[in-house]
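One chain, chain A, links the two complexes that follow: it is found with chain B in the first and with chain C in the second.
Coming up: the complex of A and B.
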């Protein structure tokens, strides 16, 4: 098996690329295209504007502006669009990518790291240095060899990163981004979110046990301890929100904040929730499970290549989910002053191309406004989480347990009693002083 | 009715499935284009900072702070119980809060005692 690396030659490299393209072309024409048509033959196609949406019509929408808007209007209200693109996966993944970029720039500014604040200034201009580092990092992760340590439990080792991304995506689908724009509007959304957050330490412990190595094992056990220290404050800090809003549905919790944000009355709960979500994310004051200066990389020690990449993607999607959950619970979700116009472009009849440019019938002012405010608040929260990473050291594990059990639980109860006093004192709640009629 | 309740949750399953749909091809593509030559037994050893690893990877590990794990089992359930009360607070009469305060008092006493016991390192 031991073969020396062959010398790199440009000719064979080009030949291999051409061969690869040839095979892709062959497979597309012989298998994929016929398969698409066979599937389309059996699938009942939807009606758009009185016409059956055939592939021809779908492709011609790129040229014909009169068809584009109805088709788009149909597509964005499908379940698939919600799951895959807007409040769902693509939106979260884009925010995750933006978070990675912002984190590097932000930390480079704070900690005098030179890379992300200088690399690529000639090509991209000031403000966007380090954007290529993101691309390079992604390419590096995809093209690196995946090494599985000897004696590892292979099925779990492969399944854990996939489960991590899937669980992170499952949290994202509970978050309402705008009125009506939520993938799954469940009556017990908050409890479901807590239930799914409970999966992550489980995945970490499984992965660390499966990788048959000592450092990951220690990291996994630390993840478990972090769960038991911070799960109860995490759950209890959201209890006062539930008491004030009278609902577990995240959309209804947002509507309950239409006149005032809950952070006005529950600042201590918000603080506890923020701290516990940092612990849930394993970010810096609480990054014991992957303490890179103590136990190599913690439970990520044996990860390599795309396995590490997927876990990072899952972590950042989770970061978005927790920041968004904070926004929904305490910062009023999508509520904000109306700054977007009700309609784009001039009023009245418009030529087709202008209709397309101004998204006639597709654009909805209040929804655009809601999405803007939600995203802005989420980025504010993400910046706060990054700021904490920039200025803090790591805490010891006994201090972690002490903080969670002795301080944060008591703090969240204090704010719960404040909320109860406000309700029974006639300030909040039905018939209260501040309740809108 | 039960079917409707279950159908509320189906988007979570779709989303989980979409997560799988995205991450499995990523692993497959990575496996296709990444190099896999140079077999070397040392390469596949568990990481121990350059040393040849000694002993099993899955060892018995001294799990300290065991008391907190026992407490977690009890008080996590308590936290979820409180949610049931918190959601229906507005529809309950005010006198219904008193039993909850009593419940919390009992739980706090138990928690205080168990934290006191957890702090006594001699018995663990």
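Coming up: the complex of A and C.
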């Protein structure tokens, strides 16, 4: 699969590096530094070494690494970092971007193709071809004209894609990625997740109605039927997890699986949850709302430019959220064998620069472990969801409704009774045979 | 009629109209094509009541090229390259029956070796066409792997045909009097290897696509075209055979050397959408057997092209010959007035016959089945428009 770079010449290469550096410097001075300053003005500043950290002092950390660590430590534990970067949006968006790349390459291998092979090939050398395809696609979508159909309901037409991304990102806030690393750790987390998932059919129907076109209208109605039909098995399958763990808090559900993953006791529920999340995502075989050969592109028919881009972003963030929810509910969340040491290297005095480079002081073994296992499991689940797409055709709406309203509900009830039997039979739950002390 | 009666009839009429309007309000008219991803160069309007199609009105003719009229301005040999344009994926078959009809008019005997090579080319072309058809059938059902696999395997057969004829899709290989040139060196081995590989691939197609429970769920028992209806509507090819009629031109009216070949006519009795999708696969498998036999029985050497005068012409008369193409019976009716140019050429294609079944099958089926039912009819819009 690797393709050698043709016509490599050193002179243009050096020129391109200088050109790149020039632009990086320009962007850093014009955009990044002012942005950092603006952020620092609004963040409550801590005391570092007995003096209040001002933006001007912040500059000095570039020279003195010993001052950097406390500042970084402080920044990491701010709310802003949580919402915008780590358990929040940027982490989810990065995973979504990686998912798109993996999906393309993986499906291509499955279908005896190569997949995206040009964008980014020259930037990173061989072996990474196609990595920047997503960037290219994004730039293309941004540069395209947004066409709004005549007679469309403009406010709703504009608001729906943003609401779609916002709702998808709202689910991400509830996912505990590592002990203590969750944006909002609330006691009814699971119910909130389902409440947010309930918004999606509403957004889709509103958007398709606002498009003022026939195919989006049919697609929106299909989405409504599909999402409501799968909502109930979706909730019921998660209910058996609640029965076993005795909590609606996602962090506590994770802690309840410290000895046994719930998929061992609830395989049927896990299956139902998996199928329902496929339907929730509108992926093949449940991509009826966007069935391209039947109703053009379903509820997305009238989207163009960045409106389409936003909805795609929302879809992939939603994919991450559902895979992560599966991991939290059935695969033990961040639990896993410890592979990272508690500390980096022998404790003791180190030169400050080395201290910063090895992130000593920021490093926390159990957290790194948890993040690793959580990300690995999430990618496994995403991979499974992608696998389905390569081997299945689309199903029909009546079969879909029959599956959702009849088969999956019965299956999730069966596993719910199994969960109840495990609790009352004294196997699990407080004081049970398998309950850790 | 008295005043009172008139008034009553007027009210009934109005009432009826109101009821009719209410009914019309329930219906939504969808225009499918010619830019719809599920149509091709073809348009049909469907009226849907909820998810059910209550009316279907096919509207072909977007790619009408006047092939029949163009034939009248060229001589018999010059007609070959433009006649294969309607179905470039099946170009050996669409020129096959033309060649047969011209040979009957001009009274040429085709050399025996040429007959075998013709049959090999047309069988390979049948596979190329059917793979293309299958790829589109796959993507119509949302099965992206089934789009990529046949498209990839089709390339291999196209390479083989390129070695044989010199062109990738538009071969212009079957001509009146035989074939254009002899087979290349080593073609026989290459062809046998390709056929063996392809038979293995057909098993994989069956595993990933035809045995998929989701596909079976949505195509089995859908859009049933009964044996009687199929005969009444006059459908041909795989659609007819899927309705339980074992009819194949290669068996019914054997042309060239097909009477020496031992093969079965593949048909199914379930008459549904799945049968119409499955019979082409069986045909491809049978086609592999036929190619093996043809390669086996082919004379090692000999003429491949009968000597013709520069502008061949025959006595005034008419001829009608047909072959079994990828989509069914493909016939040419040629009238000659004794000049080197045909007086009239009429092309009878399987696609147009199969199109007649579309409104019959779509009415009453669900909107989700529209693409699969439409494409299972083995309909090629360009060929139907000619």
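Operating definition for what follows: the second predicted complex is superposed on the first by the 376 of 437 C-alpha atoms of A that agree within 3 Å, B and C clash if a C-alpha of one lies under 4 Å from a C-alpha of the other, contacts with A are read in each partner's own complex, and residues count from 1 in each chain.
Simple rule for what comes next: a residue touches a chain if its C-beta (ideal position, glycine included) is under 8 Å from a C-beta of that chain, and two chains touch if they have at least 3 such contacts.
Owing to the predicted nature of the structure, the values given are computational and were not obtained by experimental measurement.
By the document's definition of touching, both partners, chain B and chain C, reach A:214.
In the superposed model, A:296 lies in contact with both chain B and chain C.
By the touch criterion stated above, A:428 is placed in contact with neither chain B nor chain C. For chain A, the partner with contacts to more residues, out of chain B and chain C, is B.
Once the two complexes are overlaid on the shared chain, A:111 sits against chain C while remaining clear of chain B. Shared-chain residue A:399: touches chain C; no touch with chain B. Within the superposed three-chain model, A:390 lies in touch with chain C and out of touch with chain B [touch as defined at top]. In the superposed pair of complexes, A:172 makes contact with chain B only, with no contact to chain C.
Judged by the touch definition given at the top, the superposed model places A:285 against chain C, while chain B stays out of reach.
Put simply, chain A uses residues 214-215, 218, 296, 397-398 to touch chain B in one complex and chain C in the other. Remark: chain A residues 107, 110-113, 214-215, 218, 284-285, 287-288, 291-296, 389-399 touch chain C in the complex. The touching residues of chain A, counted against chain B in their complex, run 1-3, 5, 79, 82-84, 88-89, 141-151, 158, 161-162, 165-170, 172-174, 183-187, 191-192, 209, 211-215, 217-218, 221, 225, 228-229, 231-232, 235-236, 239-240, 242-243, 246-248, 296, 301-302, 305-307, 309-310, 313, 397-398, 401, 405-406, 409, 413, 420, 423-424, 429-430.
Listed in rising order, the residues of chain B touching chain A in the complex are 8-12, 14-20, 22-24, 26-27, 29-31, 33-41, 43-49, 53, 57-59, 61, 63, 65, 68-69, 71-72, 75-76, 79-80, 82-83, 86-90, 94, 97, 104, 111, 115, 118. Residues of chain C that touch chain A in their complex: 28, 30, 36-38, 51, 138-149, 152, 208-209, 212, 214-215, 217-218, 366-371.
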